[in-house]
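Please find the structures below.
Next come two complexes built around chain A: one with chain B, the other with chain C.
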Partner chain A sequence: MSTTTTSDRPASGIETKATHDSLADRVRAMQSVWILGVLVVIVAIFGVMQPSTFLTTGNLTNIAQNVSIWAVLAVGMTFVIITAGIDLSVGSVLVVSSVVAAKVMESMGDTGWGTALVGLVLSVVVGVFWGGLNGLLVAKAKVPPLIVTLGTLSVALGSAQILTGGLDIRSAPRVLQDSIGYGRLAGVPAITLIALVIVVIGGVILHRTRFGRYTYAIGSNEVSARRVGINVDRKLVEIYAFSGFLAGVAGILSLAQYGTTTIAGQSLTNLNVIAAVVIGGTSIFGGQGSMFGSMVGLFIPAVLQAGFVIIGVSPYWQTVAVGSILIAAVYVDQHRRAAAVRAG
Partner chain B sequence: MRSTLRSTAAVLGAALALAACSSGAPSADSSGDSGGSDNKTIAFVQGVAGDEFYITMQCGIEEKAKELGYTVTTQGPQKFDPTLQKPIVDSVTASKPAALLVAPTDVQAMQAPLEQAAAAGIKVVLVDTTVNDPSFAVSQISSDNIGGGKAAFEAIQEAKPDGGKVLVISTDPGISTVDARVDGFEEATKGDSSFTYLGVQYSHNDPATAANLVSAALQKDPDIVGIFATNLFAAEGSATGVRQAGAKDVTIVGFDAGPNQIKALQDGTVQALVAQQPSTIGMDGVEQADAALTGGSVEKEIQTGFTIITKDNLSGEGGDAAYKSTC
Partner chain C sequence: MSALLEARGLRRRFGRVQALDGADFDVSAGEVVALIGDNGAGKSTLVKALTGNLDLDEGEVLFEGTPVTFHTPQDASRAGIEVVHQDLALAPHLDAAQNMYLGREVMRSGLLGRLGFMDTPRMRQEAAQAFTDLGSAVRSVVTPVGSMSGGQKQSVAIARAVAWADKVLFLDEPTAALGVVQTRNVLDMVKRVRDRGLGVVLISHSMPHVLEVADRIQVLRLGKRVATYPGKGTSVEELVGAMTGALEIKEGAA
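Now for the complex of A and B:
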């Protein structure tokens, strides 16, 4: 997801936020702008330290490729967190979707595009099922999202293990791996382009449609949203189902990238995606956030990790760095909000 | 607005400080930029960071590398997980070391990233684990894992000559080395009719899961006489599980010999350990990489042996085979 394609967006006043006096004020008040500054500084530091290896197109496309799957998940996660919810189950839903798809594709025996398409549809259906289940439990059964998705995290992963006996399926259609997982279009990894399209569509839905505005409304004040006539329950089911849908898409992308269902993997995917969304300025209390911010938030840990590996920092420092940035970002967010309230 | 400015400065400051940590961090050596023929860097990507097996391997690598005049940078994912290891391998490839010693975390998922590394001109040596098609690698060095599984069964056989039910607690399916250990164990069990093989349970590299699996298995079959735990975490968890279930007469044979296993052996919770030779694997890996770089003769495949550690040989040969937590 190149930041260049989306970097003009904050200036168009995307964040739904209390009114500010001028455009300049509004831009400055955006978490995503500050955090973009942090990203630029990090890139610059690594660029100065290791210009011949860090600032190479090879390295930068690798970084973009490695965040692609997380980016798809982060789109859904941004919606969910803006409603003041959380979705811990994305990694498991990704796994179970890819398992169902891989099993059926394996039984079809064929390795062409037809099979891949069937796999995609199945993966998405499974994803929507789990997401919809999350949504129903959150909206109708009134179980807190943290608990619901913690539960489905286990149930979905367990289902994947039951379906496969715990054995990864390693027979993803060759076309998927060759053209999507490792294919390139004009030097850009295909998987990154796909993720970029999804991010842009997700951004448009969030910032430019009624569905997106309702998402903010629910997160800002659920009771008010109900009183003004928004069908909050239905919207919540749709939003969680959307997150599940994207986890299904990510499941196919993961099959394409790794050629295996990674049942034992993806264990930290949910936390990494949530961290990215929060670093990007989406408030866990709901009602605030932007797609652009989530993407910047996704790149900070990825760039830090790539940079640290290249300059040879011990892996333990990488974890420390990402955690510190997360806390610092939320600290800034809180300060900014308190200031806005005082100024308001 | 001023407070916002100040706190943003704080974030930037933190980022700068963290980036600056690199210069002071251990084994930080920004020498990966040469790429020329005098490139003397070896990168080592572990299967998981902080595991004594890989730390001991790292010690062997660093020792041999120093002797041959290479510098080593070591990286490892937080978990034994290809989705976390792939980005690290990609970044290492971008840093252009002369050679890459790597323990792949999945036979399929790590195939393409490592092929890419080899295509970038890096000499790839697979240590411990392997991939589906390792033809791009200059050499593969691993323990003879089937033999290791057999050795584990022999240890149980010795402790329980009358036979009985035996169980395997493994980590995750699909890890070539671990699967081979289980195969070796199963094969050996089937060769002795007095033993019943109860199959394999997967603990997902989590001691707590292994403990649960073992205590549940003991509920079902209270007469289990032996458990083969295929790695460090599985053995730790199995010992806990046996204790939780209040079982007394179960012989646990662990694979690997980290400080905690040695402690468990001393305490009598684990009765025998099958120790690999990670330090030798690491040294051989550097030797093969060096041979590939200098045009020497390279051995495509090397298998290293095992040491069985029991309480009896702990002060001698067994103790020397124990893994280290620091070099």
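Now for the complex of A and C:
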């Protein structure tokens, strides 16, 4: 009976921990670590060129503050892209959320915490509405995510413009601007700390919970996810709604940071966030990606921007550099994956 | 003899095609039954009908002697019946343990579990144990299934099905794309599953594989069971003859 041919079978036991390869092998196998290396090199180059201005806490804090709002959006975008979807509407949803919140807070008149809290709740509700709408159209109406979110990008932005007549509302409550916009805790901008908490929670949900596991499963093989009884449609609605929720949070953070709704200022936000997530190793074909990678991917454009200003290169070069890095990162990633399959 | 899962006079028409034309089928606990037939004979339709993937025009399905209707694959699953589809339906980016527990994750106890946290070490341990018990070719439960060989993928899919099926396991062409050693391994796994007391239904075009593992062979032609042979003492020629209609046999030979 057991004349089992053993050549294809384990010699001793089955590996149950990721300890098979050496630590170095496993580290090298992660796209996010490879791209972290790129980030370190960029920081090192600027650091060597202008140590007195680049490597200062002031500059580094500045960079962190600049990526904070995008980081909040990138958390949701990472989930969406892992499902093999895309969310082009985040910038517009951010705008419409902050517009609704600002209008209501303005009408309430006072500038205390109560008003700010109402603004936050409204902003989040509006965000979840648009995200949920995206999810329903993707999951139930079966319209491709690219089209759905391109549509809601337009509709949400148009709604914001109708509500305001196209003019920014410049009256965020004082407490919001003072404590969140300009506030600091131990030298770290409050807005950065808030973003950090959201990123950590997002990372834990993605990598440790069943919700995160299903996110990967849907992107990896939707048919198999359905066959094992996962309610894929509902998960997709939840994931897009989560992205909308975070756009709502980003809307209120943006109000706090800039003191105004940024109706015309978010047209490239979606593309910047998507570029960061993809540079960080999340595959647009789904099933693969990490929260850590998305954060590294966010810092590369931000560091380049700050660095170019400091060394006196026209900041327009940053746009050129980021686009090139995006293509290079995906190119390298494709090759490494092909190599991994050959080796496996 | 009481069958574990039995089909009586199943009929199903798709447009002008009579896919099942009064088909019978039965499988008992602890045996491997091969289901063979030429393309279009109705094998897939029969399997779908028995596993909650297809509604019937006529006929009845009996599970442990009582008539049942499986409306969804989940209904069949709850009864202890699982199918390993030809495409395997694995998530390539997830590892073997994650695939095995997909949709039925083991959660941490207490508050963490209610918050959605999974008991990863336990799932890995139990997956490794399952693979060892089945003599699977899987060497690691923590590498993505997408980087595994065809035989290893097949064994992940079988182990997953066996982990949740305690009555009947359907295998659709499990050896179709495999090399010699891998095929050997999968056939050994099939025997081990049978030895645990499950009824195994093997759908295959490979007559040598069928003759090696099957205790009984049921031949389907034009939507009907045309013959049943014992696994021992039957030749490839007889099977091919029954499949193509070259041999006229009376149903109920074995």
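The criterion applied here is as follows: the second predicted complex is superposed on the first by the 320 of 344 C-alpha atoms of A that agree within 3 Å, B and C clash if a C-alpha of one lies under 4 Å from a C-alpha of the other, contacts with A are read in each partner's own complex, and residues count from 1 in each chain.
Definition applied: a residue touches a chain if its C-beta (ideal position, glycine included) is under 8 Å from a C-beta of that chain, and two chains touch if they have at least 3 such contacts.
Predicted model, so just to flag it, every value in this text is computed and none were measured.
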Name the contact category of A:Arg213: first (chain B only), second (chain C only), both, or neither. second
Which holds for A:Ala321: it touches chain B only (first), chain C only (second), both, or neither? first
According to the stated criteria, A:Val228 is in contact with first (chain B), second (chain C), both, or neither; which is it? second
Considering only the touch criterion stated at the top, classify A:Ser179 as touching first (chain B), second (chain C), both, or neither. neither
Quick one: classify A:Gly287 as touching chain B (first), chain C (second), both or neither. second
Looking at the overlay, does A:Ile45 come into contact with chain B only (first), chain C only (second), both, or neither? first
Looking at chain A, does chain B or chain C touch a larger number of its residues? B
Residue overlap on chain A between the chain B interface and the chain C interface 343
Where on chain B is chain A touching in the complex? 1, 3-4, 7-8, 10-12, 14-16, 18-19, 21-22, 25-30, 32-33, 35, 49-50, 73-84, 86-88, 90-96, 106-109, 111-112, 120, 132, 172-174, 202, 204-205
Interface residues, chain A side, partner chain C - complex: 1-2, 4-5, 7-10, 13-18, 20, 205, 208-211, 213, 216-217, 219-221, 223-225, 227-230, 287-288, 340-341, 343-344
Name, in rising order, each residue of chain A that touches chain B in their complex. 25, 28-29, 34-35, 37-38, 41-42, 45-46, 49-50, 52-54, 56, 58-59, 62-63, 65-66, 165-168, 170, 177, 181-182, 254, 257-260, 262-269, 302, 304-317, 319-321, 324-325, 328-329, 331-332, 335-336, 338-339, 343
Note: in the complex, chain C contacts chain A through residues 73-74, 77, 85, 87-94, 97-98, 102-105, 107, 115-118, 121, 124-125, 127-128, 131-132, 135-143, 146-149, 151-152, 181-182, 184-185, 188, 191
